[in-house]
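For clarity, chains are labelled A, B and C in written order, and residue numbers in each chain start from 1.
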């Protein structure tokens, strides 16, 4: 019996790794990935980076320009998340099992949030570029729509997970819908929701680079500007600024999380 | 009997728990550090948002007009999707290329992160090594994948090679954090027991650590697969990695073809939703086991 | 007059799961009734059908002279606030303090807005503090509920129900998550609430011995049907009838150490 089970398990393992191997080979063919070139390019990239990709004295002159764009990006990330969080909170109340008004609206709400978060940020940026051009609004709406879908899902999960017990008790005591929302749902879910909002802001600042490259705004735009014109010292300075701002925001939100959760 | 009287009667029935704490003002609010921090956080977010809107670079866009125009654009995009520059078969092929990129980078990343994750876990490694890896990884994660890809592109040229390496790099950063945290959740008693019975480090890892965290490793890996799919689309659009992302970029930024943008978005969306459904299923199954 | 009158109550889940089948019984004012039965028998469903936390499929519940099934949303609120409910998992809003949780019992009496902004009257607060003191929670008043022990949490649950000024308490396995000594404290409180305040108690219990020690009357439920309804002196055969094959070790517990 034990031996049979072992043989069966080994058979599963063999099949599992065979499938993995086939998928890998297919992927390599599909993407035309050249493994040899890939591996040799790593040391070359490191050599290049150590000899070119660091800020020199002259690049420091550009700090004011970089700072302006970085600030714009940070504000954009925060504004998009805040607005998205407000809208997502309403959608989540309709979508959660504990607080939904009825099943139909619940399903509709979850469907909407699924569409918004599953359209990748890239697609949002390119779609919106057609209407808003190279302005902050393109980036804002791209982040807003994606965050809206993502946060709605996160909020629904939060409400479903943590608040059903208290909600049941207040229903039994004869509380009204909005009393229940404010006295049971918000107190239990708010810390977790704030944590999601902070997470989303961190993510946004990271993705702002991509959006900037695609839409010609913010910190991503200025990176691409220097990168494309081979001013790698300045480009590296931009990267350093991004790293610092992400780490600072991560630090702040970790502190907030530690206190409130 | 009056309710309050009966409460009084009830009180006399119970052993007195008189505690010396007197409550004169019947205040019901208590300010805690947590509630203060929460308020400050929310307030700051609102202030920064308002200030942000005030300072944005609107580039002379009339917001109302632009939004109306955006709505018309959306309508054309999503109600009249159409192929122009390629057909259905080619669309599927491009999606497959994107998925291939996703698969490759997730697999290589997971493999490398598994080993480094062991050394990053506090309970399996020394504090110095663990902290070193973790801080290094925090820096890797702070930079978006597209930057990694562009940095590697200088050495390898724009294309799938740079994309795979850059994406793998970021994947490793993400998964090392996730994996090492899963390892750290392992019951310390188990490691101690095995160590006591004379097992060496590798035996402990393969007999206890990996088997008992396998479900959470798998779940994190699939979650990264989902993220990498979106990243692969992005790399197609922004870093010449090909696949459906590149087609989207061409349709939107080159041909200005609304209907094709709509169609490609549907392609991307449907695959993403399938991945999400699989991921939810997987998580449910893993959690019930 | 009977405070509670349940006639031919049935509840069906999905297509073929009959959780309750034709349940009928009545409860008099001030009675302490224990509902016992194996898990899955339908005890929780029965309790929740009374205050319509679950809508019954069929049958009628009359509480305090009012037919529950006919009530509109707002009338149902009025009726529910006359019924306090105690839960196995306490169902407190764990991030709020004891006093805030206790005052939640008053929400049924307030306008939506007053409830949202936690605007409670002086007398309500005074009463809340008195009940809290009575239940021995004075030192915990400003503690968050997630910092309390199980027994303390359940006392907060009782306080929240008491401040509703209820005619009846529905208790769904109030001691199932507690250790024996905390269980005894909670059961003593419930018994006293019934005796001294004249509040009717309908208590779901898992433990036969506790039920026999505290209740005036036992209702035995099995597979959605009432199989016993009578005084708390069951014979082993009757216990077997209620619990079926699961009764084996329970029978020896009958007449345990709990004193009322």
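As a working rule, a residue touches a chain if its C-beta (ideal position, glycine included) is under 8 Å from a C-beta of that chain, and two chains touch if they have at least 3 such contacts.
Note that the structure is a prediction, hence the values are computed from the model and not measured.
Under the stated contact rule, the graph of chain-to-chain touches is complete, every pair of chains being in contact.
More inter-chain C-beta contacts link the pair A-C than the other of A-C and B-C.
Relative to the C-alpha centre of chain B, the farthest chain centre belongs to C. Taking each chain's centre as the average of its CA atoms, chain A and chain B sit 6 Å apart. Centroids of chain B and chain C (each the mean of its C-alpha atoms) stand 43 Å apart. For chain B, the set of residues touching two or more other chains is empty.
Shown for chain A are the residues that touch two or more other chains, namely 191. For chain C, the set of residues touching two or more other chains reads 118.
Interface residues of chain B facing chain A in the complex, by the touch rule stated above, are 33-34, 37-38, 41-42, 45-46, 48-49, 51-53, 55-59, 61, 63, 66, 69-70, 73-74, 77, 96-97, 99-101, 103-104, 107, 138-139, 141-147, 150-152, 154-156, 160-162, 164-165, 229-230, 233-234, 237-238, 241-243, 245, 248-249, 252-253, 256, 258, 261, 264-265, 268-269, 272-273, 276. Residue ranges of chain C in contact with chain B, taken from their complex: 97, 99-100, 103, 118, 120, 122, 125-131, 133-139, 141-142, 162, 165, 189, 192-193, 196-198. Of all residues in chain A, those touching chain B in their complex are 20, 23-24, 26-34, 37-38, 41-42, 44-45, 47-49, 52-53, 72, 75-76, 78-79, 81-83, 114-115, 118-123, 126-137, 140-141, 190-191, 194, 197-198, 206-207, 209-210, 213-214, 217, 220, 223, 227, 232, 239, 242-243, 246-247, 250, 256, 259-260. Contact residues on chain C toward chain A in their complex (touch as defined above): 51, 53, 76-81, 83-85, 87, 89-96, 104-105, 107-110, 112, 115-118, 157, 160-161, 164, 170. The touching residues of chain A, counted against chain C in their complex, run 163, 165-166, 168-176, 178-179, 182-184, 187-188, 191.
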